[in-house]
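So that you can tell them apart, the chains are marked A, B, C and D in the order they are listed, and the count of residues begins at 1 in each.
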Amino acid sequence: MVVSADLAVRTLGPCRIDSPLAPRLGARETTQHSVVEEDRILFDDTLSMAGARGVPLEQLPSLEPGGPRKKIYFDPAKTRVGIVTCGGLCPGLNDVIRGLVLELSRHYGVRRIVGFRNGYRGFIPEFGEDVLDLTPEVVMHIDDEGGTILGTSRGKQDPEAIVDALERLNINILFVIGGDGTIRGAMDVVAEVERRGLKVAVVGIPKTIDNDIPYIDQSFGFQTAMSEATKSIHAASVEARSAPGGIGLVKLMGRHSGFIACYSTLAKDDADYVLIPEVPFTLDGEHGFLENLRHRVQERGHAVVVVAEGAGQEHVEGEEPGRDASGNVRFGDIGRLLRRKIVEHLDAHGVENNVRYFDPSYAIRSVPANPYDSAYCLRLAHAAVHAAMAGRTEVIVARRRRRFVHIPMALAVSRRNHVDPLGDLWMSVLEATGQPVRFG
Amino acid sequence: MVVSADLAVRTLGPCRIDSPLAPRLGARETTQHSVVEEDRILFDDTLSMAGARGVPLEQLPSLEPGGPRKKIYFDPAKTRVGIVTCGGLCPGLNDVIRGLVLELSRHYGVRRIVGFRNGYRGFIPEFGEDVLDLTPEVVMHIDDEGGTILGTSRGKQDPEAIVDALERLNINILFVIGGDGTIRGAMDVVAEVERRGLKVAVVGIPKTIDNDIPYIDQSFGFQTAMSEATKSIHAASVEARSAPGGIGLVKLMGRHSGFIACYSTLAKDDADYVLIPEVPFTLDGEHGFLENLRHRVQERGHAVVVVAEGAGQEHVEGEEPGRDASGNVRFGDIGRLLRRKIVEHLDAHGVENNVRYFDPSYAIRSVPANPYDSAYCLRLAHAAVHAAMAGRTEVIVARRRRRFVHIPMALAVSRRNHVDPLGDLWMSVLEATGQPVRFG
Amino acid sequence: MVVSADLAVRTLGPCRIDSPLAPRLGARETTQHSVVEEDRILFDDTLSMAGARGVPLEQLPSLEPGGPRKKIYFDPAKTRVGIVTCGGLCPGLNDVIRGLVLELSRHYGVRRIVGFRNGYRGFIPEFGEDVLDLTPEVVMHIDDEGGTILGTSRGKQDPEAIVDALERLNINILFVIGGDGTIRGAMDVVAEVERRGLKVAVVGIPKTIDNDIPYIDQSFGFQTAMSEATKSIHAASVEARSAPGGIGLVKLMGRHSGFIACYSTLAKDDADYVLIPEVPFTLDGEHGFLENLRHRVQERGHAVVVVAEGAGQEHVEGEEPGRDASGNVRFGDIGRLLRRKIVEHLDAHGVENNVRYFDPSYAIRSVPANPYDSAYCLRLAHAAVHAAMAGRTEVIVARRRRRFVHIPMALAVSRRNHVDPLGDLWMSVLEATGQPVRFG
Amino acid sequence: MVVSADLAVRTLGPCRIDSPLAPRLGARETTQHSVVEEDRILFDDTLSMAGARGVPLEQLPSLEPGGPRKKIYFDPAKTRVGIVTCGGLCPGLNDVIRGLVLELSRHYGVRRIVGFRNGYRGFIPEFGEDVLDLTPEVVMHIDDEGGTILGTSRGKQDPEAIVDALERLNINILFVIGGDGTIRGAMDVVAEVERRGLKVAVVGIPKTIDNDIPYIDQSFGFQTAMSEATKSIHAASVEARSAPGGIGLVKLMGRHSGFIACYSTLAKDDADYVLIPEVPFTLDGEHGFLENLRHRVQERGHAVVVVAEGAGQEHVEGEEPGRDASGNVRFGDIGRLLRRKIVEHLDAHGVENNVRYFDPSYAIRSVPANPYDSAYCLRLAHAAVHAAMAGRTEVIVARRRRRFVHIPMALAVSRRNHVDPLGDLWMSVLEATGQPVRFG
């Protein structure tokens, strides 16, 4: 359970500089869409979760709101900023970079912003990566394209070498756009920054196409990704229905969490089965997945199976899961395993089958953000700039229950966000597919 | 300020029937994605809004969660259901109809569901509208199309005649999909139902393409609509930049609230000006809109103006605002007025101008829901069915801060949702366009 | 009837310079997809049109093929090129500009290419337009956007002033992208060039979103435009079917020719009526359009009407057709007239009606080229460059029956391309809509 | 070389029945868009190809035009029609089915139309496939979806069994939609029909997503397919540019012909290399593909490679090419081979590489036809119905140089359509990619 201490936000020091935005902030009132600086947002909003009966409101765990402050910590004229993108592609990366640069330069008047290339290795001299000067002109139209103009890579780098680079370039603020591995790396950087007694703010913008970072609303790019994923599910359905014994098998992203599989299935009601990491399943046996599939194919002549890449890892025998450069567990390929098992099982039972396999991950993650995500990324970037200019550090900015808030990095990496097998999302999926509550 | 009494949900009576869904509900635990039935969700979640210091949590205003109940009020085998769609088109109407029918029939086992045609007039014998039997087969693919298969119309009808129709057809549950006028109409129906001592649940699914219903997250179809709107803004920008003195003028929906104008502008950063109902502006004078526009056109050679249909109504002289069949104020056409004023002003100053006018409202509202809205509509429909089967009445189902909740109809029509001129959304718009905080 | 003399292509002089492309041309053989330079392409390919019986093949009218020549007229190192876009927007303009610049610079090695701004006025000092240097870097991604980076305008300018500008800038080749008015303007330029004894090649790339330039396959951008138009027809259909007495009325481009109306109707079979300039119709009377529409609305409850802007001009009373800056006849607005007439007629007969009017022209013409048009524009640009480098002048490049050919400008403006009321395209439209062969 | 005898169209007998369409055909004149029945269309239209000098026009090889006839062979009231789709999916199949059914039933008044399921096996009793009654209601909206509502399969079936089925169901006209294997199968059916002295017309609508059927303009679905393919090329480019040493590798359809690879590359200018079956390449050696790629990756940091599935088959060692059920050669997987070779080569040279592999074939072929293809399919279906009703048999209908014509089946399968390595399409590709004319 999250307690108040988990929610305390670190700052580099008191805010004494008038924000250039102050005139626009006016006599801000508390309304649905904005928060006053001294306000707090309850961490939980249900009676059952928010705390014990009788506890006064102000003692409940609460979050610092995001947004502009009238007083800021950094003097824009003297501030230098670095930006880095890490890990796999996700729709909206360029929108976030663009939003950061425009807000910093146009509204705060920060002059020098650099992008480090190809993830954390961009800080390390051995890799020989140059830095990219980021101006409003450079970033103005980058949101028309997917990917990241900074490039990206997986993997940690030595925090001492990173802080050396920050010192070398006189960086005062570092924005880190990445997933939980990246945020852990940023925490190491903060520790090294502190050891050296530097005043560098490190602010994270959480990126996870799988939507598995906890305590936040859907992560940026998620809606774009799930929208793209519906296309593959529908294509699989068209293929399945056009061939005798047609089976469309779609492997989607989702290493630990099946959100993309669930939402895309709800959006385009073509799937007969959804398999996700959170809900184990058996393959064999009378009540196993394969027998259930066989019956469905024999009854209807076709079937569509959606599987998240992290589902059913226990079935991926003989493939020793290693770790990739970021330390992420490397998964056995459940998609190819299922394809083989399905063919074998149906062949063994003399059931005609034509399996079409779809693996659209690269195609999904490389598209530009859709309009919703585009607007969301822009606002998230604005919130990140406000947080950093006010001297917040070791925080991520996030939208939680539709409000922009500051969440300490330690909390953000303390667990993962999962599809609740007892929750209403999964129940809607079960209802949409008609698949059994459990196999086996 | 909302108090607890405002949030009390009415029910037809105690729930004594086992839900057919109960086996799936299992030993439901309280988790992030689901709520136990007896739980409550705080209405406000900031200290400043949620209440006075020292008030214990359980005394704060709170909402009933949506979702399935283990015990329900209506016996599915004997339940007859009616569905009606009212008011203007909105992406997702067919998704909601489909979601209602599938959930009722497949999961609760309700057999007889009828759709009333063309809004409330579908209940009135004089109009001679037949009813449409709604089965899973009929609705299975209707979500591929925009519009509503039931048809729709504006305007109230006599509640007595409506309840006569409900009695004639033995309807126990009526789902009403519409905006605030429609919900007011539903409240009249509830009053008449009560006067007659009937046990009919009336549950609303709020529809507002303008996103102006209060206390809920973005209304269904809103994201689709704002995504479509970005296309017109971009087309206006292309036109403006391709002609000497090119000015793209885009009138978007938004009678009382400028959300579509704001979000679509943030998503596609092409607009120089956004004019919304919440922020008055002057046309003439040194600091008026027209002079500001003139300078921008002279400096950059082109400009893009986005105007919500309800903006600047004080300028629409000589057009007596009437009321349409639903009693909505009929607005003077600010778009055509602006077009004329811009041409006159620039001509008078000898500034070349080529104004291209876009009025994409019908094109926007008639598209199918995008995948996000499609999944959202499905889940909203599920929540509505759960509420109705549990005997809730005179409520709307809604998502508020990402949870499905029951909101009394009276509260839902007590005010409108507006863009806060002091909030962060509008501030992001000001930053994106660079327009002045105020004209005049 | 076209005779051989009409097809003679003018050249500035003999080609004596080795083409830098020659090594790639290799030992070119005559195949389906290429032509040898000395080959000719028959102008007509049916017995009935191609000529009298007994005429030997080589005496039939034939066209010069487009494509690269081994010997060229201009020395790339000394060649200066100008590009201008004129008239209304059309998808693919930027693709053509880009294709010209890339082919000239990368493959022929031409160094100096300038774009004249805003149509022919870009040549006239009074307008004060600067020229834009066009390099591969400048044009590399312009095809991602609709419109034209050069800007455009309507209207002729003084050919002497234009040639003055060509001389001032030492332009040897001028590419003119525009419609029939623009081509006529280019012919005036050629005449003035000749009067002065200059060696300037003027090559046109025909642009007509209406597809009304004769003797060529579909003009570039046409397929994109007709694809976009289907969206409006479908939206009109959704609106019509969702309202009692719903009538969707869509005005599409097509001043003289109804190709967009016809093809978009065939592609998305939602329209009940298509009205085009080539087929007159009566409004009133027992067999007029309005009565026919009334019956259809009463039978089916809704209808969709597609009207090309140039249709039924005889009905647009009281609107004196003037001429715009290009000398094009300015049309009365048949769309608004029809809207009014339909409402009046149905009201007069007591038939409920809800007319939704769509005028998507700006939205259609401003989109980027679709992949087909994009590839087509690139190849058309290549052909234009080959023609110009080989010294051809007063020609347009075009694809005729799927081959790139050179057509003298005089022939290209000698008539318009029309939908044949007795041809198979119109018959397919009649079959798809079910409308009567004639009204009245 | 094609001679007149190759172009003779077979008919079942004289046309003596008045066509129900005759009133619409009116006094048809010869115009650009229609042909009179007794007209002929020259097979070739260039001097070099069309024949020897001095040959009179009417002696040149020429084709029978497609389109409606005033007199027809079959009596609509007594005619029964079968439709079958065979081979792989292709966008537009449902459009063709729909076009056939609507034209037959609405315009000719044919009452009984059946669809055979799952290709030629739908005729064979052992497979137990039922037939599907095809009415206007059934087919009205099938064009909204990809795939084929009839299902499809590969492989020939016994022509005697097929004709048994035709006799059993009293089928007079069989429409066969498929590729060259399917057309060969149809020729066997014709032979058996004749052997039995039956009067059954067999008309083919050529389907080839690869565009490899000769003598016709682009095959239906081709433009949709190439448009979809551009998305994968662009995604590959985004991935390649976002990773150090990023290489996007896209395998596209194209067993014998690289048209999809070529056109999609021209449309979206992101590829550095295009490899097609028509142009052999070496992998190894100083001038081989791998070394060239290595240099490009080292210079630019990334590269995009597009490969048609039939390219470089000589390199796919150790994979014995078999034949699939249709007798098509089964190809070794050049995509996976290239991926392995690229990684090995770059690793061996110490060049960092991140290869992203795309295999979008199923995703491409399962989409609905785009508006262009949709209109094209409709008109092609109209032409096929006209041909069959006029008693033509053993022909395919096709568009050749933008006219609908009848081509004998034997000619249609006599060779394949290829990208000409010396033609202007391939030269445009070479120019767009900048790749060398040859590797090795």
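To be clear about the criterion, a residue touches a chain if its C-beta (ideal position, glycine included) is under 8 Å from a C-beta of that chain, and two chains touch if they have at least 3 such contacts.
Predicted, not measured: the structure shown is a model, and the values here were computed from it.
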Path length in steps (a step moves to a chain that is touched) from subunit B to subunit D: 2
Most remote chain, CA-based centroid, reference being subunit D: B
Gap in Å, rounded to a whole number, between the CA centres of subunit B and subunit A: 28
Computed distance of Cα centres, subunit D from subunit A, in Å: 42
Inter-chain centre distance, subunit A versus subunit C - centres from mean C-alpha coordinates, in Å: 47
Sites on subunit B at which at least two other chains make contact: none
Subunit B to subunit C touching residues, read off their complex: 89, 118, 121, 145-148, 151-153, 231-232, 235-236, 238-239, 241-244, 356-360, 362-363, 366-367
Residue numbers on subunit B that touch subunit A, as the complex places them: 21, 23-36, 39-42, 45-51, 53-58, 60, 62, 65, 67-68, 102-103, 106-107, 143, 217, 223, 226-227, 230, 263-264, 266-269, 370-372, 374-375, 378-379, 382, 401-404, 417, 419-420, 422-425, 427-428, 430-432, 434, 437
